[in-house]
Every structure is written in C-alpha cells, then in structure tokens.
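Following are the structures in question.
Both complexes shown next keep subunit A, but they swap its partner, so subunit B is in the first and subunit C is in the second.
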Partner chain A sequence: MDSIFDIFLLEAVLNGLLLGGLLALLSLGLNLIFGVIDVVWICYAELIMVGMYAIWWLHSAHGVPLMLAFVLAIAFVAALGAAMHHFIVRPVLNAEPINQLLVTGGVLFLLQALATVAFGVEFRNIGVRLPGVNIGEMSFSLSRMVAFGVAAVAIAVTYLFLNRTYMGTAIRAISQDRTIMPLMGVNPSRVYLLTSAMGGGLAGLAACLLVLQYDVHPAIGLSFGPLTFLICVLGGLGNLVGGFVAAFVFAQFISVGGFFLQLEWGYVIAFVFFIMTMFWKPEGLLSKRR
Partner chain B sequence: MRNLALVLLALAFAIPFTGVGNYPLHLMVMALLWSFIYTSWSIMGRLGLVSFGHGAFLGIGAYTVVMLWNLFGISPWIGTIVAIAITLVVAFLIGYPCFRFKIVGHYFALVTLALSEVTRLIIVGMRDITGGSLGVTPKSALSDGATWSLSAMQFSSKFVWFYLMLGCWLVALYVWHRVDRGMNRLALEAISEEEDAAASIGINVTRAKLSVTLLSATMTCIGGVLYAQYQSYVNPETVSGIGISLQMVFGVIAGGMFVMLGPTVGAIFLLVLSEGLRVLIGNDILGIDTTIYGLLLILFIIFMPKGILGAFLEKMRGGKGLGSSRI
Partner chain C sequence: MKPMLQIENLSAGYGGFQALFDVTLEVRAGESVAVIGPNGAGKTTLLRAISKLIDTTAGSLSMEGVRYNERPAHEVISLGIAQVPEGRRLFPRLTVEDNLKMGAFLPAARAMHDQRLQMVYSLFPRMKERRLQMAGTMSGGEQQMCAIGRALMSGPKLLLLDEPSAGLAPVVVQSIFEVIRKMSAEGYTVLIVEQNIQQVLKVVDRAYLLEIGRIRASGPAAELLASDDIRRAYLGV
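On to the complex of A and B.
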C-alpha cells in the first residue's frame, strides 16, 4: 500500500516539475516586460489565448501545416505585443500606476469579447493529441514533456540574448536606469517596442505549447492569467531568475496539492502560500531579507 | 448647493410613486447598489490603497449569508453580522502585514488580486455545498402568496429594495464625507505622497491604513449581502474573482475617484453603457456589446484619467487641482 502511494506522489511531483517548465515560460514574457517597461500587463494571458485561436484558425479551419501555423502565430502575437505597447501602454507611460494596470485590464475584456465575437464561446481544439508516456507505473503526457523541453530552450535563449548581445545589454541597462540610459545613446522607445514584441513572441510560443494540451475558449486566459502574474510577483517583478524558481514552487503546490485534494484546492494552497510569502519577502523569493 | 441636494433627494424618495415600470425601477435599484459598492471601494482607493481584492469581500458577504440561510436556516440579518465578522478578520489578516511590511503600489494591487481569486476558488472548490460555478439561489421564504419576509430579508416588491439601497447609498456618501473631513484623510494623503516622511512626523501608518481598509471592506461585504438578497442568485464569477474586482476599479475611475459622487456617476455610466449596448445591439452577435464596453474603458483611461465627474469639475474650475475638492 505504501509503495503505491509513494509512486503516485512521485508522479505528482514529476508532473509538477513538467508544469513548472510551462509556467516558467508563461511568466517569462510578462516578467521581461515588467522589468523593462515597469508596467504589468494584466492581459498577458489573453495574448496567449489569441495565439491559440490563431493556431486553431490557421491549422484547423484553413489547413495550414501545424509547424507553419505555429511560426505564423508566434509572429502574429509578437506584432500584437508591439501594437499593444504602441497604442495602449505608451499613452499612459507617465500616468498613475493604477491607470496603467487598468488599461491593460481593459484590453483583457476587449480581447475576450473580440474572441467571443469572432469564434463564439465553444471550446475549440486542433485535434492533435500527443500520446501518454509510461515509465514504470507512472504515466506522463508527452505534450507536457515537449512543453517542458521547449520552455527550457526558450528560457535559455532569452537569457543568452539578454546577456550576450548588444541589444540585450541595452534592454538590461534601461531596466536598471531609465533616466541615464537615454543620455548614453539608447533609444528607450525602441527598446520598449522591441521588448513588447519579444514578450508577445514568448506568449505566442506559450500558445503553441498550450494548444497541444488544452481546448481554447475566450475565457481560457482567466484560468492561468492570475497564476502567471502571481508567479512574477512571487519571484520579484522583473527578476527573471526569481520568476523561474517561483514557477517551479507554484507548480509543485498545484500538482501535489491537487494530488491530495481537488485541483482547486491545489490552487488555493498555492495562492495562500503566495500571500504568506509576500509578507515574509515582499520583494520576491530570492530577495535578501530587509 | 445644500438646498439643491435636498430637493434632489426629495425627488429621489418620490421616484417609486411616479408610476415608473418595473424595469426602470430595477435599473435604479442596481445603480444605487453599485454606487454604494463603488463608493465603499473609493473610500480606500482614493487614498492610494488601490485594492483589486474587493471581489473577496463582496463574495464573502453574498455567500456567507446565502449559505447560512440555506444550510441552517439562519436569518440573513444574523448572517450579515457573521459575514462582517469574517470580512473584518480577512481584511485584517491581509491588511495588517501588507501595511506593516510596506507592500504598496503594484504589489498591493496584486496581493489583493490574489485574495479575490482565492475567494473565488474556495467558493468553487466547496461545490458540494455552494453549487460551484453554477451558483446558488437562497431558499424562498415567500410561500402562500406572501410578498415579503422580513426575517428572511426577501421582498418581492422593488419599492422596499429601492429605499433600502437608497439608504445604504446615502450612508456610504456620509461615511465618505466623514473620512474626507477627518484627520485620517490628511494622514493618508501624506502617507500616499511619502510614507517614510509621514511616519517620521508621528503618523501611525499601519493604523491609519488599516482603519480605512476595514471600513471599506465591511461596507463592500454589506453590498455583497444586498446583491445576493436582491438578485436571489449568486455565482462565484459575478461576486468574486478578477472580473468583478476590476470592474469596481473601472467604475470608480470612469466616474472620478477623487470626488464624492464620482463612484456614483461611474456606476450609473457603466450600468447605462452595458444595458444600453445590450438593448441597442441585442444578443444577435455574442460579445459585441462587451467589445464596445472594453474599447470605451480603454479610451476612457487613456483620454480621461480623472473620470467623467472629475474632468467636468476641473473644467468648471478652470483646471485647478482636485485633490481636496468636494461635491
């Protein structure tokens, strides 16, 4: 009895690890945008929803090959991210922080409603389901393993881009000091636009991975949106490494908590843990205690 | 000004007797209810405590009362007291550490947002007794053609609700006014400008913030009770979670956060907008009304950051600051 129990717990832990990779990718783009532009996109998960619909529309409705649909969707959401910055965030850059949060909240409603107008409220799926993988007595979904792998590569590439390229250095510099960098010849509005496009592209990539696991519907963003930005806050807004760690911590709470209780309670435990941690380390998990 | 207000108030009291239909009366009840809730939110929101978690208090109010009534037959009046007690505990547990450890700005907004999501998930998670996402209806106490039951807080006549909501709204305005005139406002305004400096001149930051938070949360909880009893139906999505919490903030911003009647104007505006779009466009194309709604909200925040009433008053006064203006 004991050994069976342990193997299912182990399965939950490993599934949590796989989920952690995906959550880390979800929060990476949002974190990047916040770190550089200092605005939280509450609607970030809705960009992912748009990406999922783009893939469904291209692949299932118009017969575009899946890989091409993925590439086009990533490009489309990247463009959407840039447009989001240009038309919506830029005008409120100097406004009160609450207005910045709210305007992106408005985009959340808008994108949800537009998706409803365009595609209705039905659940859509692209009809591609990867098989399960059995290791010993444990079973894992292949799509989760793929998602984990792709997320790990994407995170590594983003990290190298930020640390090894000229543009990446400019992005990091601007996030450290917004007033000095323009004097050093960095054009902040270009950096902002590029970062937003990158954030959008990462959302598009996340959409590719999610569409393999979940059906898409207009409110799907709400099921993982709050989670995404809580992970960013838990890791310390703008702290990419912290967000990475926080994603795995959160995923374990959800997976193991969901194993002992129901899935909602896994989320509840994760959220309560989040609130407690905020009191203990307000600047994020990896911050030094004040 | 005062006379004008009294005349308008007298007119408001007379409205149900002018023979308006059920639908306009329903709209007015809803406008008063949301005005009450938005005003409750703005009591702390305008002082720099931007909470995205008021959906939690609304949900606690609505669900505590309905659950106690349905499961144990406890009168909603006693249920309200229980709900307020729970709200005070929750608001304290969140507020005290937040204020003690100086969690402000984005972080405060997101912590409170987590709170409202937790509330929604707990309601959904307890689906065996709460009905989960399907929502729940309070058991009717109106048998044998009775039109009202005071102990069950159920009234089939909209008249009663109109006066109840009107009374609550007026109390909320009075509270807003008292807070506005009180020392606490000056303290909190100083805090929202520069917290450390305020603390250095002897302001007890934690206490000042906590008192206004508990007040605002309690009033929002009462709003949740009224909503549940008036609608006779609650659903976790409509009384808790991210959607309603954002809508509250939107309403206040759209009306004008820094003037007494701003939240009221915002509530009426949002109600007229959503009902108007629903009636004008109908249900032929699903989602088109919310598309326009979302678009307008974005435009509003970009082009009219001070809200309808705020911008109007500013224009009338020739562009003077609104920090301490009153209406």
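On to the complex of A and C.
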C-alpha cells in the first residue's frame, strides 16, 4: 500500500514539474515586459487567447496545416505585442502606474469583447488531442510533456539571447538606465518595441501549447491570467529567475496539494502560500534590487 | 587645420529654461580641451547638447564638417563622438564585461569588440580582474575606469568626459587625471568638463571658461592657469 502511495506522490510531483514548465513560460513574457519597460500588461493572458483563436481560425476553420498555423499565430501575436506597445503603452509611458494599469486593463476587456463578437461564446477546440503516456504505474499527459519540453527550450533560448547577444544585453541594460542608452548608439524606442514583440511572441508560443490542452473561449484568459500575474509577483516582478523559480514552487503546491486533498484545494493552498509570502516578503521570493 | 568638433553660436536649455547662450567652441584632432567653470555654469548641459541628449535651440554642431543638429541622439556615436557621462552612469547590475560590451553596441564596433577589449584591459588592468563583477559593487574610481573603458569600446574619434573627478578620493583623482594625460599623449582627442580647475589645466592643451551659460575666456591651458582673474576667482590664490 505504501509503495503505491509513493508512486502516486511521485506522479504528482512529476506532473507538478511539467505544469511548472508551462507556468514558467506563461510568466516569462509578462515578466520580461515589466522588467524592461516597467509597465504591467494586465491583458497578457488575453494575447494568449487571441493566439489560441488564431490557431483555431487558421487550422479548424480554414484548413491550414497545424504547424503552419502555430508559426503564423506566433508571428501574429508578436506583431500584436509590438502594436500594443506602439499604440497603447507608449502614450502612457511616463504616466502614473495606475493609469498604465487601467489602460492595459481596458485592452483586456476590449480583446474579450472583440473575441465574443467575432467567434461567439462557444468553446472551440482544434480537435487535436494527444494521448496519455504510461510509465510504470504512473500516467502523464503527452501534451503536458510536449508543453514542458517546448517551454524549457523557449526559456533557454530567451536566456541565451538576453545574455549572449548585443540586443539582449541592451534589453537588460535599458531597465537599469534608460536615459543614457543613446550614448551607446541604442535607440530606446526600438528596444522597447522589440521587447514587446518578444513578449507577444512568447504569448503566441504559450497559445500553441495551451490549445493542445484546452478549448478556447473569450474568457479563457481569466483562468490563467491571474495565476500568471501571481507567479510574477511571487518571484519579484521583473525578476526573470525569480519568476522561473516561483512557477515551479506554485506548480508543486497545486499538484502535490491537489494530490493530498482535491485538485481545487491545490489552488487554495497555492494561493494561501502566495498571501503568506506577501506578508513575509512583499518584494517577492527573489527580489529585484532597485 | 580644420577642427574636428565645431560648435557655433549654440543655444540650448531645458523646456523654457535656457542654459547655454551663443556658445562657440572648437576641438581639433589630437587636441585635449577643457571646459572649466563653476557649478551650474552649463558645462554638463554643453556635453549633453553635443551628444544630442537635449535639443539645441539655435546655432550649429558639426563633426568633421558634417552638421548634425537634426540627428537623433543614438546616431551621434556613429559620428565618432563617445561620452563618459556625469556620475559615470554604469549599468550597476551588469558585469564589467557587459558594460564594456554595451559600449561596442554599434555594428561597426562589434567587429572590433575583442581587440578593443584587450586595449581597455591593458589601459585598466583592474578592469580585467573585475570583469565578472557587477559594476555597481565597485569603488568610485574603478567605476570611472569602467565608464571610460565603455566609451572607448566604440573606437571614438572624440571622447567627451563629464566631471571625471567628481566624488572621488584625492588619490583616485590623481590616477584618473594620469589616465587622461596618458590618453591625450597617445593621440586621443578629448573634450573634458571639470570643476577641478587646477588639476585639469595641467593635463589639457587649451581651455574655455564657461560662466552662466556663456564662454567668458579661452586660451592655452598654461595661459589660463597663470591668468590673475582665474587664479583669484577659482583657485583661491
């Protein structure tokens, strides 16, 4: 009996790990944008929703091959991220943070409304369901394993880009001192635009992974948007490494907590942990020094 | 000989506040020139205007005969003008190596990155020891060396230095001026803004005196150092 219990616990831990990879990817784009531009995109999860609709529209409604639909959706959401910066964020770049929140929050409702007008409130799915995988007595979802692998690669590529390339170094530098960037020949507006497009591209990639597991509907952003935001705050807003760690911590609470109690209780435990952490370390687990 | 940097009748300021009036100044290739003057005279504003960090309201800025008033700030460095800003302004949470890398951001400079990095390390051996350290954790003198190194990474024709001695201990100030003297001896063209008038006049060829946004005097450094007005007003003798 004991060993069966251990195996199910191990399964819960491993499933938590898989979930953590996906959550880490979800928080990466939001965190990157905040860390560099200092504006929180409240509507980040709605960009993912747009990406999921784009894949459904291309693949299910117009017969575009799935892989091509994925690539087009990523490009589209990246362009949407750049547009979001150019038209929405740039005019309020020097405004009060509350105004910035309200503006990006407004985009959340706008995108939800547009999705409802365009596609209705029905749940749409692309009709692709990957099978489960059994390892010994444990069972895992293949789509979660794929999501974990793709997320891990995307996070690693982003990390290398930020640390090895000139543009990546400029992205890290601009968050520390925006006004002197021109002295190095860097056009700050271009760096912001590129960062926003990257954040959008990551949202598009997340859409590809989520559309394999979930149906898309206009309010789907609400089911993981708050979670994404909490993970960023837990890790210290703008701290990419902190967000990465926090995603795995959160996922373990959800998965292992859900194993000992019920799935819904996993979320409750995770949120209680979040609130406790905010009392103990309001700046996040790994705070970004200011 | 034609000047490298030529500033004619320049006016500039911040919003409604005018900080520079009708400033005319030139720097020839290979020269080291200082702009001296009291606090609030507009020295930093002048360097900010030369780098186009603020807009000019009248007059002209030319580098090697090319007028560049209308260029955006991020294109000035490609004319060969690099600036070490006031207060050093390193990226505190980037390593020394990454700070230097930012200096070589321009595509033309990237190709020369490794070569210039070795040049900076031989000029400042301390930077090589500290290359993986976060720039914000170094001492003021070390940060100043890193800031100068970052500007040199672009391979500038003209180096602008804004108050390089500010906030440093006297012995460190000595070594920074020694570096500036060495650089001008090696043929760098330097325009330096300083409040430390006695020290800077010993290392530069010529100087301009800036007071309340206007050029009040100019001439060879030795002449200004000997001038009674300057000795009385700024050197306290």
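Worth a mention:
As a working rule, the second predicted complex is superposed on the first by the 283 of 290 C-alpha atoms of A that agree within 3 Å, B and C clash if a C-alpha of one lies under 4 Å from a C-alpha of the other, contacts with A are read in each partner's own complex, and residues count from 1 in each chain.
Here is the rule we go by: contacts are C-beta pairs under 8 Å (C-beta built on N, C-alpha and C of every residue); 3 or more make two chains touch, one makes a residue touch a chain.
The shown structure was predicted, so the numbers you read here are calculated from the model rather than taken from an experiment.
Once chain A of one complex is fitted onto chain A of the other, the partner contacts of A:Met278 are limited to subunit B, with no touch recorded for subunit C. Set side by side, subunit B and subunit C differ in how many residues of subunit A they touch, and the one touching more is B.
With both structures placed on the common chain, the touch criterion links A:Leu183 to subunit C but leaves subunit B unconnected. In the superposition on chain A, A:Ala113 makes contact with subunit B only, not with subunit C. In the superposed model, A:Val150 lies in contact with neither subunit B nor subunit C.
In the superposition on chain A, A:Val71 makes contact with neither subunit B nor subunit C. Within the superposed three-chain model, A:Ala173 lies in touch with subunit C and out of touch with subunit B [touch as defined at top]. Across the superposed pair, subunit B and subunit C touch subunit A at no common residue. Subunit C meets subunit A in the complex at residues 51-53, 72-78, 82-83, 85, 89, 91-94, 98, 101-106, 109-110, 150-151, 154.
By the touch rule above, subunit A contacts subunit B in their complex via residues 40, 42, 88, 91-92, 95-99, 101-103, 105-117, 120-121, 218, 222, 225-226, 229-230, 233, 237, 262, 264-265, 267-268, 271-272, 274-275, 278-279, 282. For subunit B in complex with subunit A, the residues that touch the partner chain are 50, 52, 94, 97-98, 101-103, 105-107, 109-111, 113-115, 117-118, 121-122, 124-125, 241-243, 246, 249-250, 253, 285-291, 293-295, 297-298, 301-302, 305. The touching residues of subunit A, when paired with subunit C in their complex, are 166, 169-170, 172-173, 176-177, 179-188, 289.
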